[in-house]
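After the structure tokens below, expect a handful of questions from me.
Labels run A, B and C following the written order; every chain starts at residue 1.
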Amino acid sequence: METTVEMRGDGLRSALWRPLNGLSRAYLLALAVAFLVGAWGLGCWGYQIVRGIGVAGIRRPTMWGFYLVNFVFWIGISHAGTLISAILRLTDAGWRKPVTRAAEAITVFALMIGAAFPIIHLGRPLVFFWLFPYPNSRLLWPNFRSPLLWDVTAISTYLTGSVIYLYLPLIPDLAELAQHATGWRLRLYRLLSIGWTGSDRQWHSLERAMKMMAGTILAVAVSVHTVVAWDFAMAVAPMWHSTIYGPYFVAGAIFSGIAALVVAMSVIRKVLHLENYLQPVHFENLGKLLLLMSLLWVYFTVSEHLTTWYGNSPAEMRVFGERVRGRFAPYFWFMVLCNFVLPFVLLSIRRLRSVATITIAGVAVLIGMWIERFLIILPTLSRPHLPAAAGFYSPTWVEISITASTFAAMVMFYLIFCKLFPIIAVWEYKHVSHG
Amino acid sequence: MFLTAEFSDAPSVGAALRALKAGGFDAAQMDVFSTEPVELPEGLLERPSHMSLAAVAGAATLGILAILFVRYTQYDYPLVTGGMPLFSWWATGVIFYEFTMFGAIFTTFATFLVESGLLKRRRAIPDPVLVAGRIQVRVCCDAGRAATATECLQRAGALNMVES
Amino acid sequence: MEHRWGMAIDLDRCTGCEACVAACHAENNLPLSDPDQAEKGRAFHWIRVDRYYEGEFPDVRVKFMPVLCQHCEEAPCEPVCPVYATYHNPEGLNVQVYNRCVGTRYCGNNCPYSVRFFNWFEPEWPQPLELQHNPDVAVRPGGVMEKCTFCIQRIQRVKRDAKAESRAVVDGEVQPACVQSCPAEAMTFGDLNDPESKVSRLAASGRATRLLEDLGAKPKVFYLQRAK
């Protein structure tokens, strides 16, 4: 297992390559805990497959529960990379450069986790592949009119695009690492860098490809979360059948994505001693973006709720009442606190803005956005059109375990990623510091 | 034969390339190797690319194929759902859009692999080893022109020169 | 001409006895839930009787409304199924194909009448009730959605018999279990495409209303009640 990356005299490279070497006790402990929680979740899923989806708390009429909340939540988090890499790349915001790879890694892992949930929530998960079009003995093609098929297409496209978008800027770094590595790392880096030699032809092509990918991935990301939103908006259920859902979800996704990025960066900065490279200015700028998205979120939330309340349609008012004044009210107002009040206070008052407070705002937003997804799905299902069919959901230990394990899985994937690849793009960083 | 010279910054590389061009060498014979992209003046080292065209073509192809596929499958085993038509442009819109994007992504990546030359396994000679902070210029020329090339490079401020 | 099956339920006759519910259970191999599961909202009743109370004691009036799958012409549950497990057959029935169902439950969420039921576990019957199963009806596995089928097995049987005897189906010959069992004869089933059938005449009467009509799903169950 002897494998190292030789340290260079150059401060940037030694700082960014040092984390690749060695396994500290803290790292192994964190990895072990994340792995165990993740494995427990996987075990719970296995139990669910064997025993039946009934071990989850879902019931009639709330046929979708935690798993769909998690699905929407993780796909939302995956918009971190898209915003930072694509939008900021297209607007040529130089400050984004140290942050891009961390963001793109979040995107890929969040997408992988999010895409698992449509399989987890199925009643017959072992035949999930029936949603894919392939010639089969059932003499049947999938129903492309269903928003769930649109989901499948959109998420597959986004996952492919994100992996490529993460991989492309990684190639030059991998090539450089291969020159200084030994053992299995050498083989891995050499394989993955596909013969990159840094010729100007390659650089031209790479930069062109990255620019094109930035535009395309942005277009895909907007469509992905819109399509996820349309899973709900296309239904006739009260307060789901709303035109605001598409933009609402995209804005919410970018919002939660930035929050996740801020939290991830904060941890990386501390743990990998990258204070010189992930500077307060980066957090300042992300904090301002987070504030902007928080205001946008409030705008959408107020729009949706005000119009519903004013319209006073009976079916919708039952759901509205449940959400704002009824059973779900504590969650609703806590969500407003987490998504708006706290970030607004911490981020708009300059004296309060610091790396620590911006991170706290990020954590609050993550909690708030998870609750928001919950509040989008459950109140509507609890109060269907026919009042006699109302019913309330409570999650079981299986759902809670699987939810917790996804966070553990994210941490684990990230830990492994940070051990294999430098979390800041070395070639891009140098590039910006020279102008 | 190949001449490789090392420079320490972009302006001297620019000067070297200009000198080589004036000396009668063309862009196809010149290569610049670096650990990060080098900012050269516009038009100095033109590398024509078909990536935009390829991406649009790929997008259009996959988009149209997607529509044809959906139409074929909906009529192959026709099942009425919700009183709606078997094939509807609006309902297919999302699938069309996603496949268009997928086509663009796929062709962009494929074009990158092809145009960057990364897929070529055999190279005439191994590319120079990269040194951080240094930029290397390599000229492919026959023995007769070697002297001209060497002179151009040295005048621009080459630090090391290697022949292979 | 193709049949177009529909139903009329006379709310002025319905006594809320729930014989229809019991008959449906017996006819269609409905799984039984234990009290725990029932409390969690997992009981199965393809047809259920909703009770609506009006007024204050002692002037309380109760309206009983049997709610079953309305077999909507433009059913919201159909387009959202990714695997065509539910679709509209040429006879106007909203068909549920158990073999195709993957269990996404989108259809269940999209039904405004909440008439769809999901098999959260493999269905079980305490012995000896599994001996009571109707051989004409499939026993569903865990993880699939199910709902009222207008007793499609009875429709098929009547059509087969009529064809074997080279005659047309007579009005009133097809009787789903609920219609057959109603002691107040509140339920009528028949071919809406036949203007002379009893159900067509009742549907055209001044007392006919439909549930959640403004949603535009075009349900085929007509509720007859005195006009206010």
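Everything that follows uses one rule, which is that contacts are C-beta pairs under 8 Å (C-beta built on N, C-alpha and C of every residue); 3 or more make two chains touch, one makes a residue touch a chain.
Note that the coordinates shown come from a computational prediction; the quantities given were computed from them, not determined experimentally.
S.K.: Between chain pairs A-C and B-C, which one is joined by a greater number of C-beta pairs in contact?
M.R.: A-C
S.K.: Would you mind checking which chain's mean C-alpha position lies nearest the centre of all protein C-alpha atoms?
M.R.: Most central by this criterion: A.
S.K.: Taking the mean of the C-alpha atoms as each chain's centre, how many Å separate chain A from chain B?
M.R.: 31
S.K.: Mind checking the centre-to-centre distance between chain A and chain C? Centres are C-alpha means, answer in whole Å.
M.R.: Measuring from centre to centre gives 43 Å for this pair.
S.K.: Where the CA atoms of chain B average out and where those of chain C average out, how many Å apart are those spots?
M.R.: Comparing mean C-alpha positions, chain C is 63 Å from chain B.
S.K.: Of all the residues in chain C, which ones touch at least 2 other chains?
M.R.: Where chain C meets two or more other chains at a single residue, that happens at 76, 79, 81, 84.
S.K.: Where in chain A do residues touch two or more of the other chains?
M.R.: Only 140, 142-143, 145, 149 qualify.
S.K.: Among the residues of chain B, which ones contact at least 2 other chains?
M.R.: 77, 79, 81, 84, 91, in rising order.
S.K.: Can you check the complex and tell me which residues of chain B touch chain A?
M.R.: Residues 31-40, 45, 47, 49, 51-52, 55, 69-70, 73-74, 76-77, 79, 81, 84, 88, 91-92, 94-95, 97-99, 101-102, 104-106, 108-109, 111-113, 115-119, 121, 127-130, 132-133 of chain B touch chain A in their complex.
S.K.: So in the complex, the part of chain C that touches chain A is made up of which residues?
M.R.: Answer in residue numbers: 37, 40-42, 48, 50-52, 67, 76, 79-84, 99-106, 108-110, 112-114, 116-122, 141-145, 211-212, 215, 217.
S.K.: Considering the complex alone, what residue numbers of chain A touch chain C?
M.R.: 51-54, 57-64, 118, 121-125, 127-128, 130-131, 138, 140, 142-143, 145-149, 152, 231, 234-237, 381, 384-386, 388-389, 391
S.K.: Spell out the part of chain C that touches chain B in their complex, as residue ranges.
M.R.: Within the complex, chain C contacts chain B at residues 73-79, 81, 84, 86-88, 218.
S.K.: In the complex of these two chains, what residues of chain A are touching chain B?
M.R.: For this pair, the touching residues of chain A are 8, 10, 13, 133, 139-145, 149-150, 153-154, 156-157, 160-161, 164, 168, 172, 175-176, 179, 194-209, 212-213, 216-217, 219-220, 223, 227, 230, 427-428, 430-431, 435.
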